[in-house]
Amino acid sequence: MEFLVQIDVSMPMELPEEERADLLSRERALGRAYLRDGQIKHVWRVPGGLRNIGVWEAEDATDLHEALAALPLFPWMRIEVTPLARHPITVVGA
Amino acid sequence: MEFLVQIDVSMPMELPEEERADLLSRERALGRAYLRDGQIKHVWRVPGGLRNIGVWEAEDATDLHEALAALPLFPWMRIEVTPLARHPITVVGA
Amino acid sequence: MEFLVQIDVSMPMELPEEERADLLSRERALGRAYLRDGQIKHVWRVPGGLRNIGVWEAEDATDLHEALAALPLFPWMRIEVTPLARHPITVVGA
Amino acid sequence: MEFLVQIDVSMPMELPEEERADLLSRERALGRAYLRDGQIKHVWRVPGGLRNIGVWEAEDATDLHEALAALPLFPWMRIEVTPLARHPITVVGA
Amino acid sequence: MEFLVQIDVSMPMELPEEERADLLSRERALGRAYLRDGQIKHVWRVPGGLRNIGVWEAEDATDLHEALAALPLFPWMRIEVTPLARHPITVVGA
Amino acid sequence: MEFLVQIDVSMPMELPEEERADLLSRERALGRAYLRDGQIKHVWRVPGGLRNIGVWEAEDATDLHEALAALPLFPWMRIEVTPLARHPITVVGA
Amino acid sequence: MEFLVQIDVSMPMELPEEERADLLSRERALGRAYLRDGQIKHVWRVPGGLRNIGVWEAEDATDLHEALAALPLFPWMRIEVTPLARHPITVVGA
Amino acid sequence: MEFLVQIDVSMPMELPEEERADLLSRERALGRAYLRDGQIKHVWRVPGGLRNIGVWEAEDATDLHEALAALPLFPWMRIEVTPLARHPITVVGA
Amino acid sequence: MEFLVQIDVSMPMELPEEERADLLSRERALGRAYLRDGQIKHVWRVPGGLRNIGVWEAEDATDLHEALAALPLFPWMRIEVTPLARHPITVVGA
Amino acid sequence: MEFLVQIDVSMPMELPEEERADLLSRERALGRAYLRDGQIKHVWRVPGGLRNIGVWEAEDATDLHEALAALPLFPWMRIEVTPLARHPITVVGA
């Protein structure tokens, strides 16, 4: 099943800069792995902040939550999840 | 998969009273069928309006949308859907 | 350029049913044409209403507005547009 | 009486990690006890954060507040409570 | 159990004036009965509209909903219900 | 004149625990004094947080503000004040 | 006592134009009388709509509500009332 | 003085189509005159609706309101006005 | 030109008490000067917080911003500005 | 393509004053460069805070995000971006 996932990160400016850089680099590595393995199908940056919008594939909400909670920046994220259904105009022959 | 579904009905006061009564009775009949067949697992009235909160079971968001769109009062409903994941404290042995 | 477009339709229940059916069928035909021609790259139904979320491709905001304003249900739509930027994790070699 | 309880936890990242782990483990232990004893009838994780939605049973709002205020993470929680009434379609013979 | 009930009436200006006056007079009669019988313990007008705030007594949310749904202006009301708990400073000896 | 006063306290978790306990105990003592002297006519706990709803009596808004600003936890409170008018159904003979 | 009163009028475009003109002219006449008699102390137009912000003088909220409810356009108004207290810098010798 | 003016039009679909077309054409004519005479300095369409954002020049808020209230579609507009100040980086030598 | 200015102060509780007291006393001194010189025409305390509502006189938005930015507590203020126009009922002979 | 960009800065009061002054001066230098080079076409201060509204020119959303993310105060900014389309009244001969 697909989900629209909007993520807003509040970078922890109180952490030392190198710890922040390390978090960010581990975040991106896991993001790339998800993209390669199909958990993330599409992802875009929303201009003007550390915000992104993605389309995620997961078996169900439990599976999706596990993938999100594994993100290194998870404790600093505000995440909104919208379940997605098939739209009639995308169905051949409908 | 389970979904929390909040439904808010704006009864179409402009329709003749008997048409409204008929819509409402067909709405309740389908609601009872869903409850019996397990599409609706729990449902409560929110006091103070034609509002209810339910826990629905569906294969995915497409399946859920079809069940909702079949409700006779669907065109007068404002519906909010929240996907639900398993909570760790409900897992035996976790 | 890509845009996230969220569309919420308030079906005009005051119109005669066949006029509504006609509007809806012309709406879907144009939607399918946009999908075939690449103006709409992805589109999903948000369960629980006449709401959809799509990723649109347009040269710029003027071009996008023209495509949206041509939709037969445009006067009954509430539309939100978010410009989308490339996300760093989608860039090869970055 | 039943209540829908939505809980949003802002984990106190400023506390040392082991204090946080201890709070979390005591939180889960009490949650499991409530579930076993029937104060919590159902509980789900909302994907994408430390958020849950539960159906709680309490004699009244005073009794419910006491159960909530006893949770170890209570000072870091934002809690919303909705009273729940019986829905007509759940009443046999109605 | 006590509930704070905030009621906002959108007077149906499309109804003939005498029908409106009749609805209003039946509304006030039932309000006075509730006040005399203790279902409404306190009620105030919020200045600047057909809005009131009241403290209602009911066995539970089901009982409260029945009292509210019986109001003649119920279909034109937007109602918000907040469950009320005992405050520690009102408890003698606490 | 009467006012509905909704108070939401963000307990200063950064203060040492005994300072917090002292603030809370002085807060409750003044609350009890207000209740005894009639500045607070009714007060309830809203379940799920350090939130209360009260009906206060004051000569005017200046008098009310002074009573509120004297509360020991005032700097950590978010307060909303609604002026209350007499409701017609509470007036004998009206 | 003084109140800040913000009024937003939704002109009833469904009424015949001359009825609307009559309502508006009676509205303005009563507004001028209030201004002359001191019930309205100050009033401004908020640019861009039929919105105004005024400072009203009334004995209490009941008295204020009566003055507002007497306005000919009252059924088409959305009104927000904020009680005003004396500000310390306006007090001589404070 | 400059103002940012955001205008959202709810086209009166209940009016006959030719009356709507006439309103729209008179609206555009006055808009063009404002643009030529400098009352409107810049104006853009916000994609996805009858919404525009403009920078208006007026002597003060009274002068601005008169220009806005003269627009033929004014009764169907929701308008938001933000006063604009000079930004330090635009000041030569500052 | 007149502006309605609503100011909400979040007192910096993390500053030492005497620094806070000093900021507050300088704030009030400048407020009194503005009141005497006519930059502030009216000002009221909104009961229940460090919030005030004032009517300010300034040549334009640039002039107003300078007066506001000079306030010692400016960095801890959330300020909302509404431009005010003359209301027709205040115009003699209109 | 043009974008309306609204920027709200929360000055990091926890940083030492000279670091803050340095950030601000580098911020203004880059702002002036953008203005000179045409990335910023117009910019205004919104009175009452460190808020500005600007019209930016960028090839697309990716290009815009890069320009914004290069601002020294970027980590302390809340930014809202609205894509702008050509308005019909600005088109000669339309």
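First chain written, first letter: the chains are A, B, C, D, E, F, G, H, I and J, and each begins at residue 1.
Simple rule for what comes next: a contact is a pair of C-beta atoms (placed from the backbone, for glycine too) under 8 Å apart; a residue touches a chain by one contact, two chains touch by 3 or more.
Everything quoted here is computed from the prediction, not taken from an experiment.
Any chain that touches subunit B and also touches subunit E is listed here: D.
Across D-F and G-I, it is G-I that has more C-beta pairs touching.
In this assembly, C is the chain whose CA centroid lies farthest from the centroid of subunit F. Between subunit A and subunit D the centroid-to-centroid distance comes to 27 Å (mean Cα coordinates, whole Å).
Separation between the centroids of subunit C and subunit F, computed from CA atoms only, is 49 Å. Subunit C and subunit D have centres, each the mean of its CA atoms, that are 39 Å apart.
Mean C-alpha position of subunit C lies 43 Å from that of subunit G.
Residue numbers of subunit I whose C-beta contacts span two or more other chains: 2-3, 45-47, 61-62, 64-65, 81, 83-86.
Pairs of chains meeting the touch criterion are A-B, A-C, A-D, A-J, B-C, B-D, B-E, C-H, C-J, D-E, D-F, E-F, E-G, F-G, F-I, G-H, G-I, H-I, H-J, I-J. Interface residues of subunit I facing subunit H in the complex, by the touch rule stated above, are 1-3, 60-62, 64-65, 81, 83-86.
Within the complex formed with subunit C, the subunit B residues making contact are 3, 5, 12, 61-62, 64-65, 68, 75-81.
Looking at the complex, you find that subunit F touches subunit D at residues 11, 13, 45-49. Only residues 2, 4, 28, 31-32, 35, 42-47, 52-53, 55, 82-90 of subunit G touch subunit I when the two sit together in their complex.
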